[in-house]
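Shared between the two complexes below is subunit A, which has subunit B as its partner in the first and subunit C in the second.
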Partner chain A sequence: MNMIEKTDSQDPVLNIEHLTTKIKISSGEVSVIEDINLKLNKGEIMVVVGESGSGKSMTINSIMQLIPKKLLKGYEGSIKLDQSDLLTMNDRDKWKLRGNKISLVTQNAMTSLDPSYRVGKQIVEIILASQHVSKADAKGKTIDLLKKMGIEDPERIYQSYPHQLSGGLRQRVIIAMALSCNPEIIIADEPTSALDPTVQLQVLDLLKDVNRNFGTTILMITHDFGVVSYMADKVVVMYAGQIVETGLAKDVINDPQHPYTKSLLKCIPDLKWIYSNSNNNTSLFNIPGEVPDLTKKITGCRFAARCFKAVAQCSQIQPELKKVNALSSENNMEHLSRCIFAKED
Partner chain B sequence: MYKYIISRLLYVIPVLIGVTILVFLMIHLIPGDPAQTILGGEATKSALAKLRSQMGLDQPLIIQYFDWLKKIITGNLGFSYTLHMNIASELLPKFWNSIILTLASLVIAIILGVGSGVLSAIYKGSIFDKVFMAISSIGASIPVFWIALMLMWLLALQYPIFPINGMVNMRGNGGPLDLLYHLVLPAFATSLVSVAVIAQLTRNAVLDEIKKDYVSFFKSFNLSKVHINIFHVLRNALPPIINIIGLQVGYIIGGALFSEIVFSWPGVGQAMYTAISSKDYPMIQAGILLIACGFVFVNLIVDIINIMINPKLHESVSK
Partner chain C sequence: MTKADVPLVKVDHLIKSFGGKRSLFSKSKSIHAVKDVSLSINRGETFGLIGESGSGKTTIGRMIMKLMDPTDGQILYDGKSISHFSKKEMKDYRSKVQIIFQDSGSAFNPRRPIGKQIAYPLIKNKKYSQDAAMKEVYHCLEMVGLRKDFANRYPHQLSGGQRQRAGIARALVLHPEFLVLDEPVSALDVSVKAQIVSLLENLQKEFNFTYLFIAHNLDLVAYFCDRVAVMYKGEIVEVNTAQQIFRHPQNKVTKKLLGSILTLDGSLNEIKSEAYEINSIN
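And then the complex of A and B:
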């Protein structure tokens, strides 16, 4: 299989600029994500990381246009997929993109397949909806896909109902469904958080293989920095609907600039440390408090209330994302941080 | 799957035996002596005794039961002393008429009930949803005979679009169109309550299903909403809907008895009404037996359908 070169000379596959998504609430509206900028080139893996409530799922739902019309107040900015803006496109063109250029791998492997149909039938259904192929060809393609997902006996899995499969197998089937129409980009919504730890790594490896062998660009969200360090080329850290830090994964992990990123990295438990300290009353690191209520107006830095570094100024002025000194020599991705203490470039 | 179906079929046997015992005992619980009823108040004791032994009434109850069971299994439903004719030849054609009315009501109830329930769920909170749900919660509590009378008053008397009655001979010269014409009002009257009940349950079942993960996953592909709603949402909402339809069949059978009387539909209900008025016990017994068997049979079908559409009961492929 051929490696896809990762260069910046080409146009980005997905280019999100100044995206703000507003949701209707009883007392008016609230921006669940604010001024999001993301740029993904072909063949890259970008991981968005944050707690629940950070806006990472809303970012994905905005890209997939899956926010129910009843809830949605409106979008600002642009989501360009191969140069065409999803937000100004008519519904029919949007439908065409789904599955063809962009597809979703969902979080809940256990519940994301229809329990009433054999899994093979479900993949065939997706293929027939978007490609002009015969049923027999669709079936052949499905078996082939299942084989590529590392499934040893694809014929048997094809004939199985979802309840007969383990979580890991179901997640493989879901990835096969997402790939069934050769999308350019896969959006993966916490694809491993519902799985056993032993299976998580298999699924991550599979996604890496897909990225390498099919050249599929992957945008993934997670709350787990372990996944970031295993998978990501680029990382985006989100907090309360804003990007607080972004950059190449190695820069952000090796030299985190935002206190939130630092805290998240500290939250990863080191088993040896826990074991050796389990008797002397030390507790694991955690971030005090919780993600702020976005329906209330926040002046200043949104993380200030929970930040270990916060000073009086933090709760008065909202910091902008600014460029910081990147460790790596590669210049194709700026390292940005939304903190007044970030060391500037 | 076949294992479940066969065990369900076997389960019918004790139920049917229970039905026959209840129906048989019922006639013996009713006060009064059938021989006395037949011969009248001035019959002599010897005449009564003679008739009793002719009818087998002097035998022990258990022997009477098995005699009767032997007869009904061979299709002999007994003899009506008020109509002076064989019950089977009188009741069976009427039973078919009742089945026509029941099936027509059932079809209306399923189409309108499931259809409007699905639409209400999909357009939850819309004006259609609110108005329809308000109407159906009122509709579910109106008795059939009142609806029948109101429909008759409105659509047969005030605006004579449909006939009041006159369906005397179903296999007469009118043909199927004439049958349909006479069927409209009684079938609607019988089905309306069930439409409301089925619609409410369908709405809830679909609402439960529509928020499941697989629905939003399938929405992320270019499948049309109609396709997803029919082949995935409704498909998975089916088991509770089929169950409520099965229960509503019992209600429709009961409601059809009223409609038959109001609209003079020549069915079992009307025959039962006449039989009850004239204390024709063997006729009542046979009528109840037929209706009960019909109900048991419908429940059997509902259960078999539910077994067939549940993949978890299919033969396992992966084990």
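And then the complex of A and C:
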């Protein structure tokens, strides 16, 4: 993997502290994410991983402030972007931040592009709205951006409608759009889940290039540990609205501490048998059950009911995130796990 | 054992093209979705079909299901051409061959409870009584790991994994022999993927099903399939056992596809060189 030297001495670009997001439901309220702490330094790629219902998307929606007011009960904690708190900011200032400092790449490109306008025009519109440039300059910039996204004939793509483009091209256009105002952070919500493996690899490579060439910080969501291993500097594993394990990607993958992380890793088929002389006699690991319903109160560890290691104690005590013995000590990133069995530092 | 020698499904020089209609003044451009594809699937095996999107995988699956008619060529099921089936034979074929879609959510009617939808072919096709049909439905739901009371739920009340299980239950209800799995796990979480693949595996062991597994999750194909065909632009470029395809890919399309597998230990090629080192030491 290509790891780039990253300085960690500076202040984090995005600093989320004790974030809890509460949503209204018919019987009161429910915390969809609870006590989330994340620190993203400049130029890093952080990947959030977990099943559906684990709170990954809610974390991103909280950062982007995209939860509809009708649903939202309230936030606790803080989301600091370059020292200014997004949660206490007024709408006008938030507008200025979105796109310019922080922008979003969604899973389904079709929903973020307007089907009735040419894609080039949609990017130009964004540039004109946020920067003081002439129309011609904006067009030049758009074509330049498209070229940087690895699109061979940017002029033709500029003139195309979204439905005329393939899934991979559409995702490139979306990334170009996200980059159009030179944001510091790109947030990508499963940017490749809907794509073919070959196209997925191209898009991931593009995001890596963006990270390297523009120094853009990336916060990405996925449920595929293959993607984590390919992309991430740091990884955050979420389960039922809580962070259950976090650390440097290589630490978490090579030495997972939380049973949930271990289980997720085991769900990926092991391909080593192909290159040995034996037959495939491995069987696929299953995590029994499903992500718990957060509207019902859970005492103790939220993963206990599905855990292969659970003991009686697990369903009584709510475990805290504890520091565990990290494999690599080169970085100041701690390796944390929310399990009573985690080996302590 | 003559029956075992005949492949269950044999696809012979299959061609499917779309468009090409002649109007008064012009002829529209025709697109060849499937160009001269031949393959045979043996009883009890899992046959994988991989390739990029648009390579014609799903079109082949649909033609085998007779949801589409081929432009040319034929499909033999148990030695008989499906395009020349009589009405009665066709009815029989419809219950022997079932399909599981990528998104079972859109394959269910949102306005009816899933139990009724699963029971429908039994009542309509096999003339079961309502009670006998529901009994069979409960049995099928149990087989796929869903509780009885799921029969009364509507599709939107189920999670993605549960919907996929319900989709499998619906395919099982007519006791099929051959199942076309059209990207059955692509839309699911990693953990749910593993659950569904294990379920399909167990069902195969129990009922000796034959599967055509259309997928682009190559790691699951490597795990699940006995033989694999690689498609590119409507043609099959390589067919071999799964182990051979993944170990010694011959075609450059296959090589490119394999290169895109993301594993925990870096790319597949890295594992490969590592594994060869271990083998050469031993």
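One rule holds in what follows: the second predicted complex is superposed on the first by the 324 of 345 C-alpha atoms of A that agree within 3 Å, B and C clash if a C-alpha of one lies under 4 Å from a C-alpha of the other, contacts with A are read in each partner's own complex, and residues count from 1 in each chain.
Rule of thumb we're sticking to: a residue touches a chain if its C-beta (ideal position, glycine included) is under 8 Å from a C-beta of that chain, and two chains touch if they have at least 3 such contacts.
If you're wondering where the values come from, they're calculated on a predicted model, not measured in any experiment.
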Subunit B versus subunit C as contact partner of A:Ile287, first or second or both or neither: second
Touching partner for A:Gln242 - first (subunit B), second (subunit C), both, neither: neither
Partner chain(s) touched by A:Thr261 [first = subunit B, second = subunit C, both, neither]: neither
Contacts of A:Thr216 with subunit B and subunit C, given as first, second, both or neither: neither
A:Ser62 touches, of subunit B and subunit C: first, second, both or neither? neither
Which of subunit B and subunit C A:Asn15 touches, first, second, both or neither: neither
Which superposed partner A:Leu113 touches (first subunit B, second subunit C, both, neither): first
Interface residues of subunit A shared between complexes with subunit B and subunit C: none
Residue ranges of subunit A in contact with subunit C within the complex: 1, 51-52, 167, 196-201, 204, 223-227, 229-230, 253, 263-265, 267-269, 271-272, 274-277, 280, 282-287, 290
Of all residues in subunit A, those that touch subunit B in their complex: 64, 66, 70, 95-100, 103-104, 106-108, 111-118, 125-126, 129-130, 156-157, 159-161, 163-165, 174, 177, 181
Contact footprint of subunit A on subunit B as seen in their complex: 125, 212-214, 216-224, 227, 232, 235-236, 309, 311-312, 314, 316-319
Subunit A contact footprint on subunit C (complex, rising order): 52-53, 159-161, 189-195, 197-198, 201, 216-220, 222-223, 242-243, 246-247, 256-257, 259-266, 268, 271-272, 275-276, 279
